C-alpha cells in the first residue's frame, strides 16, 4: 500500500453554530494547514501514486475557492456548520471530484482513497477519509 | 471516517527494567508530547467527532495524574514497565474510561476508536490504538 | 545573555487595509502561533530569566483579549491596520505593561527586552522586539 | 494495536525518468526525512513493540547504503525510477529483510507490519506499508 | 525593531570540496528549507516590514534559479564551494540585489538587513546576515 | 555574519529548588531538544563556520555526560539549580571549552560566539549566549 501527501494552507474567517462551541460561536478565523493523502495498492506507470505536481496544484485550486474568505458568507457552504471536521470533508469531496474529472491524470482514476487533514492550531486537528 | 486529534504534553521521570534498555535502565526522564485521536464514522449532532474543548480538557486531566512525577513511585502504575508503548496504552485506557463515564459528552459514547501517540523525542515515538 | 520563550496561539478574524494586501483585504482569519521571548543578562535569584509558569499565564491573558474575535470590531484596536507586524507590537506592548505592573513577579522588572513572534502560516511570520 | 516509530534522514542526488516529472528530470537532490513505523498486536516480553535502539541502528544501516550518494549510479537501484514512493518501498523491504534476519532481535520476528514514510520537503511526502 | 520572515524550499544536487567533508565530497543532494528574514526599525506606510506577497515571490524567483539543479554545473556558482553557509550568502545577496532594484517595492529600499537561513536536515542549518 | 546550528537531544530527570517552581519541585524529567549555534564574521578556509560533523559530535559528547541521568545526583552539577536556563549555560560553557581545546578544529578557535537553546516542550524553551 502506497500513499502520497501534499500540504498547503488557507486563511479563513467563520463562526460555529451550537452552544458547545463557546467562544468559537463568535466570528473568528483560522489558518488551516491542509494535508491531502492519496492512497493506492500499486504504483502507476510513472512509478508514482499520483503526479505530485498535479496533486499540489489541484489542492491549491480547491483551497483557493475558500482562501481569504469569510466562510459564513460563502454560497457553496450555505447551511453548513463549518467545523474542522466538516471542512475536511468538503476539501476531500472536492478533490475526489477533480480526480474523477481527470484533473490529476488518467492514472489517478485508480486511486483507492483520499484522506484530508486540517490542522487548525498546534494543539488541534481533524481529518476525513473516503474511498475514490 | 472522521477523526479529531488534540495535543498536550507531560514531563516525567522514570527508569526501565530489562537489559535491552541499556542506559535507559537508569533513572532519567522525558517530555512526552501526547496526541489523542478520536475516530467515528459519522459526525454527531453538533457536526463534530467530539467536542474538541472537552477532549482537550479530559486529555489534560489524564496527563495531570502523571505530569511532573517520578513514574517509578506512582502507585497507579505499580508493577508496570513504563515504556513509551505501555504509557500510550495507559493514557488511551484512561481516556476510554472517561468517554464511557460521559466526561466527553453523551454523543462521545458513539466514538469508534481512540489512538494515543507519545512522542518522546524528535527521533522516537510510540502509539496504542483501541476500540471504544 | 539568557532568554526564555513561551508559546501559545490565538484564532482571529480580520481584514487588511491597502491595495498591496490583495485578497487579504477581504474579511478572512488566521491562527497566530505566538512566541514571547524574554531576555536578560543575568538570572534572577531563582536561577531563571522569568517564572515560566507566570510568563505563560500572562501571555495567555494577553492573547485571551483577542482570541476568537473579529479584530475589525475590537475597540482596543480601533484605527489599527492589524498586520502581523502590528499585532506583534500590540502583544509585546501589552506584555511589557504587565511586566511593569509586576504581574510576572518583582524580579521580572529587571528584564532587558521582549521579542514577540507571530507565525501566521508555515510560510510566513513577523516579529517585534522592544526594550523593557 | 501498538506501533513504534524511529526517524532519521539521508541526503541523496538523483533524477527521475518520465515527462510528468518536469524539472525533476534534471539531476537534483533531496534530504529525505525517513520514518519507519513498526506495528504489532501485543507487546513483547520487554513490554515494547521492538527495541527502539536496535530499530534506530538498523534504519541508520539501511539509510547509510544510500546516504550521500547519487542514486542514478547506485548499482543496487539499477533500473529503478527512484521516486519517493519507490524509495519508501526500498527502505521498507530492506528493513523487513533485517527483521527476518534477526537484526532487530528474536521478538521482532513477530512484528505484523512496517510503514516507511519519506518526507522530501515541508510540502510533500510518500509512504509504503507492507506486512512482515 | 520589526522583522518579517518568508519560507520556501529548493531541491539540489552538489558535492563539496575538502577532506573535512568526508562522504559529502561525493555527489549527493539536499532539500534546503529556506527562510528569508527582513528587518527594519519602523513599519512602512502600509504598516508592514515588506509586502509579504512580494517577498515570497522574490524568494521563489531567487530559489528557482537553483532549484532542481546540480550546483556543480551551475555557471553562476562556478568556483564556489557550495556549503550551506556559502549558499545562504548567495541567496541573501541575490535577494538584496532585488531589494535595491525595487522588486520588493519602493518602501523596501529602507529595509535595514536581511538574514537567510538554510535548514539542510532536521539536525543542521546555517545562516548569513547582511545589511541592506 | 554567518552561523551554523546543530541539533540533538537528551532525556534527563531532575527537580527544581524554589517555591516558584510549584509541581516542578517534585522529581520529574524532560526531553531537552538542544540546538547549538556557532557564529563568526567570515568563513574558514573550508568555506564553513565550523565543521558541521565535528560540531555534531562534540555536542553529542557534551550531552552524553548528562543523557539518561538524574541530574539531582550528577556530581558535576552539584549545587546547581538545574533550570532550563542554567542547563543552557552548562552546555554552552562545555562546548566553549571544547572549542578552546581544539576539538572542533584549529579554525574553530576563531569563532565569535555560541548560543545554546534547550526546548523543553512545545511551549517552552530557554537559551544562553556567550562569546568565545
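Should a chain be cited, it is by its letter among A, B, C, D, E and F, assigned in written order, with residues numbered from 1 in that chain.
Criterion: a contact is a pair of C-beta atoms (placed from the backbone, for glycine too) under 8 Å apart; a residue touches a chain by one contact, two chains touch by 3 or more.
Quantities reported herein were computed from a predicted structural model and do not represent experimental measurements.
Colleague: Chains shared as neighbours by subunit A and subunit F?
Modeller: Looking at subunit F and subunit A together, the chains touching each of them are B, C.
Colleague: Count the residue numbers both subunit C and subunit F use at their shared interface, divide by all numbers used there, and answer same if that is over half, different if under half.
Modeller: different
Colleague: For B-F, which listed pair, C-F, C-E or A-C, repeats its interface with over half of the contact pairs the same?
Modeller: A-C
Colleague: For subunit A and subunit E, let me know how many angstrom lie between their CA-based centres, rounded off.
Modeller: 31
Colleague: Round to the nearest whole Å and give the separation of the Cα centres of subunit B and subunit E.
Modeller: Each chain reduced to its C-alpha mean, subunit B and subunit E end up 41 Å apart.
Colleague: Using CA atom averages as chain centres, what separation in Å is found between subunit A and subunit D?
Modeller: Taking the mean C-alpha position of each chain, the two centres sit 27 Å apart.
Colleague: Check each residue of subunit B and list the ones that touch at least two other chains.
Modeller: Each of 7, 122-123 in subunit B touches at least two other chains.
Colleague: Would you mind giving me the full set of chain pairs in touch?
Modeller: Chains touch in the following pairs: A-B, A-C, A-D, B-D, B-F, C-E, C-F, D-E, E-F.
Colleague: Once bound in the complex, which stretches of subunit A touch subunit C?
Modeller: 7, 9, 11-14, 23-24, 26-33, 67-70, 120-123
Colleague: For the complex, which residues does subunit C have touching subunit E?
Modeller: 18, 20-22, 80-81, 83-86, 88-89, 122-130
Colleague: Could you please specify the touching residues of subunit E with respect to subunit C in the complex?
Modeller: Where subunit E meets subunit C, its residues are 1-8, 43, 46-49, 51-53, 56, 105.
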